[in-house]
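Next come two complexes built around chain A: one with chain B, the other with chain C.
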Partner chain A sequence: MSRMPKSSRLRQLRGLPEGLGTTLHYLWRRRVTVDYPERQRPVAERFRGLHILDRYDDGLERCVGCELCQAACPAHCITVEAAENPPDHPFSPGERYGYRYEIDLLRCIFCGFCEEACPTGAIQLTPRHDLVGFSRQDFQVDREWLLVPDPRTETLAEEGAR
Partner chain B sequence: MSDSAPAPQLVNVTIDGAPYAFPKGTLLVDAVRQVGHPVPFYCYHEKLKPAGACRVCMVQMESPRGPMIVTSCTTPVGEGMQIQTMSDGAREARRQVLEFLLINHPLDCPVCDKGGECDLQDFTLRYGPGVSRFAEPKIHRMKAHELGPFLVLDQERCILCQRCVRYEDEVLGEQNLVLHGRGDGTVIDTTRGEPYAGHFSGNNTELCPVGALTSQTYRFKARPWDLRPTPSVCQGCSLGCNITVQRRGAEIVRLLARENAAVDGGWLCDRGRYGFGTVRADARLTAPQVRRDGQLVATSWDAAIDAVRQGLTLHGQRGIAVLGGARLTDEEAYLLGRLTRAVLRSNDLDWRTGAQRFAAPEAIGCHSAQVTDIDAADLIVIVDTPVGEEVPVLALRLRRAAARAGIVDIGPERNLTVGRAERVACAPEDLAEAVRGLTVRVAEAKMPLVVWNGSGDGELARAVAKLGAPLLVPGEFANARGAEAAGLLPDLLPGYRSMAEAAAVSEAWGGGPLPVKPGRAAAAILEAAARGDLGALYLVGSNPLGTFPDGTLAARALDTIPFLVVQDLFATDAAVHADVVLPALGPFEKTGHVTNLAGVRQEVQAVAPGPAGARSDLDIFVALAGALGATLPATAAAVASEQQALGRAEKPAMVTVLDRFTSGPHEIDGLRLLVRTQLYAGGGTAAFDPNLHVVRGEPRLRIHSTDATALGLRSGQFVIAEGDGASMRAVIELDDGLEPGYVAFGAHTPGANRMGQRVRLVLAGENGLASTVPVAAMGVNRR
Partner chain C sequence: MSLGYVLVRSVILVVLLLTAFAYVMVLERKVLGYFQLRWGPVRVGPWGMLQPLADAIKMMNKEDTRPAGADTLLFYVAPAVALFVALGAFAVIPLGPVAHIGSLVLPLSVAHPASGILFVLALLSVGVYGVSLGGWASQSKYALLGSLRATAQMVSYELALGMAVISAVVLYGTLNLNTMVSMQGVHLWGAIPDILGFAIFLVGSVAECNRAPFDLAEAEGELVAGFHVEYSGFRFANFVMAEYVNMFTMSALGALLFLGGWHGPFGLGSSVWWLLAKMALYLFFFMWVRSTFPRLRYDQLMSFGWKLLVPLGFLNLVWISTFVALGGWH
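So, the complex of A and B:
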């Protein structure tokens, strides 16, 4: 180990009160961090976070499986497959619904093109951004994960609880 | 057009300011497109006559009275014409037409199968108005209207271009789809609202420029941008129509026609277009099976190949015979020949497990005709070949020819069901006589052509050969011609070599002696097996129980044979008798070549992996040879080059067509029983294809209406045909194309070839049980 010249040792000593000064200075200023996740910062009104698949007010799914979101997605992370609506319990209005809907959220760049392409307003990006998981599979979300709760079954469940 | 035709007269036209010359008679729409100016069109189609129905193809033409807007699809080019394709007038006219087309259009694009490849979308985007001024409520019509087993119609999306109507009329001559109503109530539907019954409905889905006519099998399966195309060839029949196989991921979702003017003319039949369900059929064999303690149990490939080796060693000295091969690729057929002769050392080898006796016209001393010769022929003789059921797309060409050429249609039933033809009704045994009767007419014709499926005896073959006209042999198996050329015959080596050339072939096969004594043909093999004179039988993609004319003999043979190996896609009724079952890959799963009925060699592509446990026939032959201590070339390419190097014999030998079927004519209640090819009845794969399940239906018994009346039978009634050998339930179908005195079952209908000599019809009761009254009690008796 080489010996330091005297002058630089003095400079090092000077650093200690300088640093403590910075600490003391910020100690009395307003905090910018929040107690995430108990408290959350508000996000911009048009923030693009995690997706949902929306429903109409009567509970029918909006997605008709047209694959336009899949075609628009620059990250190629959406997979849609359509099927014929069962006539006695249709999933969506009309002949066709999206029976398979998957997004690989790890590949998604949250550009919102899917939302823009969708003719029925089914796929939407919400302000939610808690994108966490323990494995890659956790980020491959499917139709069940994406679909918002069905108001019909919701009400039933609530009534049952009462 | 022949070479000597004078050069067509040229007409000078100015298009968007540039001068061009076109042959006289060219339609403006073609002229404009040829020089690269886009012009939209809906009703116009190259293969249909111009109709001028949609008015979207308008261009501006200068005339003495000022600029005129004309429909380019109905206007031929004229000398000095001045055409503007993008003038304000032309653009405005198209814009208005498109606005009109859309006033009642549902704008279903997100749920419409055509979305992404729809001319209405594309042209509206390019030429149409951005917004509609039409605020009134739209008229609603039938949606998702199932027209037939394969076709779905959305009447709201129809733009009434009438391509479908004109195709039905001009190409099929069937008028299955027509216009109903008038004004804004005009819709497309079947003539009387009945289910669409033709064999060519699928072409409508390619013709329809919008999403009005779509396929049931493709419904909501994919978007055009999901699809990966592979060119291939249909293996549904011996014509080999060219197709584009479209896959989404690993799944085949639809087949499209890929026009080859020399083969298919751009059309497909429904069996070809929709018969790709075998690839994912649940019934596919997925593992080799070996019989242990009387039960077939699944096993590994090594164990199965070893079981075959043991069985062949144990029973081989009493003879080994191989039947089938007409559904393989050329390469596989060739390898099967080499395996049988060089490794199994047997000449008991025959692809002819059906009624067809030969495949190449040269094999009986005729000239091969090309498919396009039909378009030029002035006399076409159809000898007892139900062309519409056997080679459907070829029948379309014959229907078109019928408008121009003389067609002589010989046999106990009408072979050409649509189109003008001269009928020569005769019994199966009188066919040769009837053919001989045409000698003079054929000799006098400028371009005669004979169409015969090769099912008959040596006498008929000689009579046909004697006519001296080019011959087309539309047989029942997809690659019979390839199998024949590969030498899957008891007395011919590859390339139509006689047994005398065995030395040359043996050399190409790496030395080793080949058996030189000609082997036995299919009938003799089955007879030997039934007698107990054969040790082992190897069925490769063939099921004599279903296809051999004498099914009783086939059944006895399979019952008696000590060791039976069945190599197939499905557990056929032959596989039930097997000692070893080897699961094979089928159409869409193998790469190689197939040879069509006119000798055109075409490439087929593997587009699906097939069941995990199945192997290609080629791989199986190689493994089998390996187990028996021989090495065969292991890739299709290597086999093809070996086969090419071997080539054809300088003087091709002829196929022996002497078999006279011992079973003789069958009779039902004094009516004669015919077993005729029927498109969806079965065969190797169609019987197991879930896509075709909807059209297969009940076995049908066709009968002339006068006979039906005499017997008190109604259309749709169930009967049980009871024979000595088998009985079967069938539904009566009245068919006046059949001569009186005959009844006909579809070939490959289980049991149809096993009925024996005497058959009687019994009415089936409500509960499906036979009532006790034989129909013959009311009897007609003929012959």
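So, the complex of A and C:
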């Protein structure tokens, strides 16, 4: 234990009421807590959250199954398999489409490289961040889950319910 | 006084104390939250007011665990001792002047011995047993260390607290809590001549209740939870209840001895509400201190108690004795 002169020791006692004053001051400050589920703080404009597979305005899928996202993914969480478009009702405007498109959201690091690699802008990251599930299986999402609703078949009300 | 009469009063007191415990606990979480720019509990019921109910249900439903090496009897007895002693000490605290309802004379305490203050001090000393037995019986390093610390601390600070109480006893020349308060109604409040004694009592009561910044017995950082690590469910709740009831006792004692008890300031009449208001202020002080000061180091705690508080207590006793010898208030 260090020895200090008596006078400065007594002066140290002034710190006690000073500290009490500081904390008392905080009682009237504005709270910083946000009532989370009811109110949410805005996320950054370019926040990278949950993925979607986008469509063109006419409802055709943008994904052409090129697998560039899979190659770009540093976490190896994307699996893409391409297939030939059926000629009578094509899924995408190109020759091929993403027949199988799976993302392991638990592995994903949300780096956005897939988005950058995609030549057609099919895979995109949205600002949605409240991902929850009851099991690991819930986070292995497939093409149907990721695809945005088809404007040709779904009405606006159904889109709102999604 | 018949047995039934005492029994009814005891039950009323216990119910009152435990209800107060439940709500002071929510209040503490609220106040601490506010000090930290949070809201505290707000989810259960309006403004979080059903939180104690939820806590109670949770506590009752938790598994009652016991470490394999624990001393069964002591392990089960310790929390009961802690709570029993805490509740017992409050039994002699008068909450107000003797009430007259018609021809009925109702003293506002369960028991009213001539020397109530001695009874409180004696029971609070026994309170150490709950803590030390609980830690010892758990057969766990952390619990043992926590209870060792708590025992040493409570024994040391009881001395300082005792000095402060003795100064009040010398000042009023009585051991009867009722008489002490009525004297403060006639003369000045005790804290005016005995400001040093009140300060020592304030610090000593925080230390005696094992609360931050003197909560070395349950220092989370080092001892996980100290003497009650191994307790779960309702037995754990017993310890928490004991802590809060001890806080009530301390705040009531502080108000009765030094702050004029149930007398309002500036001759503003006297009622139970004044005492409750003073107790509430005192409890707020407990929470305020907890949210402000960091925990003391163990050697600092001991040297603060023995080298500063106890000598100051003696010095204060000399001053109060001189004050009384010079005629005191008369």
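Everything below uses one rule, namely that the second predicted complex is superposed on the first by the 127 of 162 C-alpha atoms of A that agree within 3 Å, B and C clash if a C-alpha of one lies under 4 Å from a C-alpha of the other, contacts with A are read in each partner's own complex, and residues count from 1 in each chain.
Just so we're on the same page, a residue touches a chain if its C-beta (ideal position, glycine included) is under 8 Å from a C-beta of that chain, and two chains touch if they have at least 3 such contacts.
Just so it is clear, the structure is predicted and the values come from calculations on it, not from any experiment.
In the superposition on chain A, A:L60 makes contact with neither chain B nor chain C. Judged by the touch definition given at the top, the superposed model places A:C111 against neither chain B nor chain C. By the touch criterion defined above, A:I52 reaches neither chain B nor chain C. Legend: residue contacts after superposition of the two complexes on their common chain; A:G94 is shown touching chain B, with no touch to chain C. In the superposition on chain A, contact is made by A:Y26 with chain C only, not with chain B. When the two structures are aligned on the shared chain, A:A82 is found in touch with chain B, with no touch to chain C.
By the touch criterion stated above, A:A72 is placed in contact with neither chain B nor chain C.
Common to the chain B-facing and chain C-facing surfaces of chain A is no residue whatsoever.
The touching residues of chain B, when paired with chain A in their complex, are 109-111, 115, 143-144, 219-221, 223, 225-226.
Residues 1, 16, 19-20, 22-24, 26-27, 29-33, 35 of chain A are the ones that touch chain C when the two sit in their complex. Taken in their complex, chain A has these residues touching chain B: 64-68, 71, 82-84, 94-96, 119-120.
Taken together, the chain C residues at the contact with chain A in this complex read 34-39, 42, 288-289, 291-293, 299.
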